[in-house]
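Just so it is clear, A, B, C and D label the chains in written order, and each chain counts residues from 1 on its own.
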Amino acid sequence: MNAWTMVRPHVVRWSECDLYGHVNHATYLTLFEDLRVDHWRALSGADAAPDRPSPVVASLEVRYLRAARFGDSVTLHLRTASFRRSSYVHEYALMRDGEPFCTARAVLVVVRQDTGAKAVLTPELRERLIAEGAEEG
Amino acid sequence: MNAWTMVRPHVVRWSECDLYGHVNHATYLTLFEDLRVDHWRALSGADAAPDRPSPVVASLEVRYLRAARFGDSVTLHLRTASFRRSSYVHEYALMRDGEPFCTARAVLVVVRQDTGAKAVLTPELRERLIAEGAEEG
Amino acid sequence: MNAWTMVRPHVVRWSECDLYGHVNHATYLTLFEDLRVDHWRALSGADAAPDRPSPVVASLEVRYLRAARFGDSVTLHLRTASFRRSSYVHEYALMRDGEPFCTARAVLVVVRQDTGAKAVLTPELRERLIAEGAEEG
Amino acid sequence: MNAWTMVRPHVVRWSECDLYGHVNHATYLTLFEDLRVDHWRALSGADAAPDRPSPVVASLEVRYLRAARFGDSVTLHLRTASFRRSSYVHEYALMRDGEPFCTARAVLVVVRQDTGAKAVLTPELRERLIAEGAEEG
């Protein structure tokens, strides 16, 4: 398994917790979305725009291992596991004290938002993904 | 495949859409959460409370098939696929005009929120899940 | 004071409550937003679109009188208090058992989203607002 | 006017923006909530807990001056304008390049969450608020 490409600290916000004091299950995905969006901006060197290709989530697998709580100091992690012609696979984790609390895997398809058409990953993007440790296929 | 146990209409809210005009990927899960919470209240005949067992999401698989948009009239669906000693599996779908836009499958573990201890599904709960069409195992 | 133009039932969702079991203070405003958006669609006979005028919130006053809780059956209320050349004032309330839990007042300016330019309320829109009980000025 | 007690950088998240590409009006309040919660933790030297006093929002005034957008680098500001026996007044701002985009003023009442009873600000808390520049009355 390749190393994490992004690691970012986060302190659990009041608004992220539910009635039981736990981080809500959907909130983890919004935290991972922050990483995904920033990863794409860095990768493509461009802001998201309707007429430029950008990734959309095609599928998602999430494991909730422990419950993070209000005020917890956690870290958010992202790496690209693999890529294909016009898609790639991200892995995410939220950890506290080195232990995973939530992990996820997303298949992302690169599309133009205005037409909905799939876009092929350019050689430059493929190179950068390989440099991150992602495998083709 | 058994029939849907719950079907509920929903009109996509402004706050559920992102910059591209699509329902945000995490928002689908919050809509499914509404069904899950109401299903448990009906099943257990009780409100959620820290000292009573209630389901927590252990894992989740989601497929995003089409993008729902602001103002879309959709339906939300839930059924229990199966159950075990202290867990059960939900299937969810968001559909428009009979077509699935997003489907999900969640493994739910029944725990007491105050202790975190797993709780066994009572014979009454198992009977009700069987009556819904859920299979044991 | 004129009567409410819109009254809509709502059951407080799990995702709307915070760690103390109360509806989060920002959530009330999202519930009022639902009314505002639907009011404008009915008033203007058109969906929101960047090249058509639509209201943006210029200012807001909110009073939190009682705390609504998970599962509470409440009603959401909207009326237009007054209007001017290119703005109007909404009043909102969330009530339970006839008692106000949260009330708000918003000044809304009608603008074209693509240019940011203020748009004048057409005679048809002014007539409809007067028919609702709104006062000019 | 006293100086800001807290200033914190923030980059506008994808999930904070609506269909028009603007930060949603309720999202500003959640960003200000983060400051309020951290301010109280620092002030009281304690985490929020049901049996300890903590502030609840009694009323709110918000002005939306300009629209912040996805990816904008902004700063969040908080100061305590004044306090009384068991309440205090916060002022907040979201700024970009030194210009205010959204400002707000909140009246906060200190209550015990378990009983709902108002709690008197202790001499220590009053001293700290005065040290911040807050005025009594």
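Keep in mind that, in the parts below, a residue touches a chain if its C-beta (ideal position, glycine included) is under 8 Å from a C-beta of that chain, and two chains touch if they have at least 3 such contacts.
What you see is a predicted model, and the numbers here were worked out from it, not measured in a lab.
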Chain separated most widely from chain C, comparing mean CA positions: A
Option reproducing the contacts of B-D, where over half of them reappear, out of A-D, A-C or B-C: A-C
Interface residue identity across copies chain A, chain B - same or different by half: same
Between chain A and chain D, centroid-to-centroid distance (C-alpha), Å: 30
Chain C-chain D separation of Cα centroids, rounded to whole Å: 23
Geometric centre distance via CA averages, chain C-chain A, whole Å: 35
Shared interface positions of chain D, touching two or more other chains: 14-15, 19, 24, 26, 30, 33, 48, 70
Complex interface listing, chain B residues touching chain C: 13-15, 30, 33-34, 37, 41, 47-48, 70-71
Complex contacts: residues of chain B adjacent to chain D: 14-15, 17-19, 21, 24, 26, 70
Of chain C, residues touching chain D in the complex: 19-20, 22, 24-27, 29-30, 33, 48, 50, 56-64, 67, 113
